[in-house]
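Below you'll find the structures, each written out as structure tokens.
Okay, so chain A shows up in both of these, paired with chain B first and chain C after.
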Partner chain A sequence: MLAELMIPVIIFFMAVFFAMGSGVMVVCSKNPVHSALWMVSTLFSTAIIYLILQFDFIAAIQVIVYAGAIMMLIVYVIMLTSVDEEVRRKYRLRLYQIVGLAFIVIIFVELVKTGSSHLTGWEGLDWKHIPETFGSVKYIAHQLFSKYVFPFEVVSVLLLAAIAGSVVLAKKDKKD
Partner chain B sequence: MHSHVVVLFLSAFLFSIGAIGVLVRKNAIIVFMCIELMFNAANLALVGYSHFLKSIDGVMLVLFVLAVAAAEAGVGLALFVLLFRNKGTIDVDKLNILKW
Partner chain C sequence: MDFLIDIAITVVFNLIVFVGLLLIVAYSTWFERKLLGDFQLRLGPMRVGFHGLMQPIADAIKSFFKEDVIPKNADTVVFILAPMLSFVCALGVIAVIPFGGTVHIFGRDVKLILADIDVSVLYIFALAALGSYGCVLGGYASYNKYSLVGALRASALMISYELPFALTIIAVVLVSGTLSFSGIVDAQAGLWNIVKQPVAFILAIICGLAEINRTPFDMPETESELACGFNVEYSSMKFSMFFMAEYCHLFTISAIITTLFLGGWHGPFLPGPIWFLIKSIALMYFFIWERSTYPRLRIDQIMRFGWKFLLPVSLANLVVTAIVMTIF
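Moving on to the complex of A and B:
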């Protein structure tokens, strides 16, 4: 019984550490392809966390759309542009970078403070009080086509505009 | 065990790492990936709160964020290809043609 309860927790913490490590590696690896692959592993770890939080559909969408479609697109564009490693030149932080880093530290501290102070009364992962159907496709679809039907239609127009825009941007000029 | 703190900590951590990447990296595609990392962190916080508050609204927002991120990826990467074709580089420090 105890082991049964512990296994999701262990997987959860492994996913958390893996996501943190791969997130750092996305920024730190010199080769863009390595960076992209670490990004895929971050997205997978996040999908595992979604699964443990009982949102199966979102986890599947995360893997299909993010890790499948968007990252594949990014890897293609890396292939089309350059796979050169960034040259390590003498790196001097500029003023805007220092200010930006300071702000990032402040944001991080504030986010952690907010996250740990506001939520009282939630004792860990509870998937006992959540109905089985909560994160299911049926429930999400019901919400999507009733309460959220207008944003849904707007998103379809946005995607159409994005398709048209990227085709127009990427096509070669006939004149040259 | 308060795992909501862990989820929100991970979200804050990924967001900060993404922001640092946007600041310090030079390759436009890696900058783009760091932006995706920040999207991902926001999604994680939304899903975490959705789980905690037992409300589906956060998850719906995540769905729309995913759709918008896909659209943005298509247009943004087309822009990078175009930049590389015209300028021969996607180093963000060298792309300062808007400066006069």
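Moving on to the complex of A and C:
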């Protein structure tokens, strides 16, 4: 019985570890293609975390949309433009780096504070109000097309505007 | 103790399925070579074993002992990773495909499906998306112009044909009312989806061919213009992995189309897994037959066909299906 409960926890922490590790590697690796691949690894680990939280649908969509479509396009562009490896610079501490570091520390401390306060309020959470179908495709579709239909449609118009804009930008050169 | 028996059953079941899958993959190479020989009025492999039956094993041993070459300027890690990615993503598809009903073993009802999940349709698309990285990265990491062009074509092909494929399958999902493969198979118990969705069936076969890069869509590895495309620098076991991934795709796409349109494992008299294999192998036969019949298309023809013909037709099919489903 214990093993049954432990396996998801172990997988969860492995996924978290991989997500954070590959997140760091996205920034640290010098080759842009490697960065993109670590990004895919981050997205994939996040999908595993969704799976453990019973969000099957979101996990699959995460992999299809982000890893499959968006990162594929980014890899495509990097390959076409043949970006070389970044040259290692001489390390010198700049002012903006210090400010950035300070911000990171502040955000991290705040995150830990809010996170731990939520964790301590775990017992008080009302589990009964979470529907049993929560996270299933039917539940998400129902919510999306009834309660949140207006924001959903607005986002689709926004995306359409973005597509039209990119087409206009790409066509511009041909006239000259 | 009960938990341990559950785990043991799961492990043994997984092993059987994967060993079976690998055997099918190995023998589909033999099947294809034999059939191509037949279509071209020759015998095909005959030397190793009875009618060349041991040929796949001989090929495997050969590729194990070949020299493994990694190009000097290649991106070594990605070069090694790419075939693995390709192969794992090709194998993983089998997990959600139901190949039989429920079997009673050790006082337990075991469903003949590795993972009966709610979102199997999305799962195969996710795996296909990850699998296309294998192709693209293999081409990129080889540091070779031919393989880079092959990789670019591969990604262009997969992105363009994934869209009509998804739209086609959504029509099937609409008819069945579920995203899970076992649900789709159960919904076809009376009438197969090929009768309800004939257009979708043809579209799915075309898009499926493009997804697994087979003739007439074998753009990523055109021998005559790209000298074998994305895997030109690969040798030994790494090449074999790409090769096995390709044949694994051939089987899994047949299995997926069987599940979606041909009633899955349902059939009279014979047990479910046998029917499933008969239908899948019949589809594989069709794919090989088609390969020996049609020439390869040009890349611009493929792109035009995908975006200007397949996409509108699959959209129209989806809209008509939706309207009919709402009215009746």
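Here is the rule we go by: the second predicted complex is superposed on the first by the 155 of 176 C-alpha atoms of A that agree within 3 Å, B and C clash if a C-alpha of one lies under 4 Å from a C-alpha of the other, contacts with A are read in each partner's own complex, and residues count from 1 in each chain.
Going forward, a residue touches a chain if its C-beta (ideal position, glycine included) is under 8 Å from a C-beta of that chain, and two chains touch if they have at least 3 such contacts.
Quick caveat, the model's predicted, so the values are computed rather than measured.
Colleague: Looking at the overlay, what does A:115 touch: chain B (first), chain C (second), both, or neither?
Modeller: first
Colleague: Given the touch rule stated above, what does A:162 touch, chain B (first), chain C (second), both, or neither?
Modeller: first
Colleague: Check whether chain B or chain C contacts more residues of chain A in the superposed model.
Modeller: Ranking chain B and chain C by residues of chain A touched puts B first.
Colleague: Just checking: does A:80 make contact with chain B only, chain C only, both, or neither of them? Give me first, second, both or neither.
Modeller: Once the two structures are laid over each other on A, A:80 reaches both partners.
Colleague: If you stack the two complexes on chain A, which partner ends up touching A:53: first (chain B), second (chain C), both, or neither?
Modeller: In the superposition, A:53 touches chain B alone.
Colleague: Looking at the overlay, what does A:69 touch: chain B (first), chain C (second), both, or neither?
Modeller: A:69 sits against chain B and chain C alike.
Colleague: Once the complexes are superposed, what residues of chain A are shared between the chain B interface and the chain C interface?
Modeller: 61, 69, 73, 76, 80
Colleague: Note which residues of chain C are touching chain A in the complex, please.
Modeller: Per the touch definition, chain C meets chain A at residues 3, 75, 77-78, 117-119, 122-123, 125-126, 128-130, 132-133, 136-137, 140, 148, 151-152, 155, 159, 162, 179.
Colleague: Would you mind writing out the residues of chain A in touch with chain B in their complex?
Modeller: Residues of chain A touching chain B: 9, 12-13, 16, 19-20, 23-24, 26-27, 32, 35-36, 39, 42-43, 46, 49-50, 53-55, 58, 61-62, 65-66, 69-70, 73-74, 76-78, 80-82, 86, 97, 100-101, 104-105, 107-108, 111-112, 114-116, 119, 122-125, 129-130, 134-135, 139-140, 143-144, 147-148, 151, 155, 158-159, 161-163, 165-166, 169-170.
Colleague: Under the stated contact criterion, what part of chain B meets chain A in this complex?
Modeller: 1-21, 23-27, 29-30, 32-34, 36-37, 40, 43-45, 47-48, 50-52, 54, 56, 59-60, 62-64, 66-75, 77-82, 84, 89-90
Colleague: Quick check on the complex: what are the chain A residues that touch chain C?
Modeller: Those residues of chain A that touch chain C are 1, 3-4, 31, 33-34, 37, 40, 44, 47, 56-57, 60-61, 63-64, 67-69, 72-73, 75-76, 79-80, 136-137.
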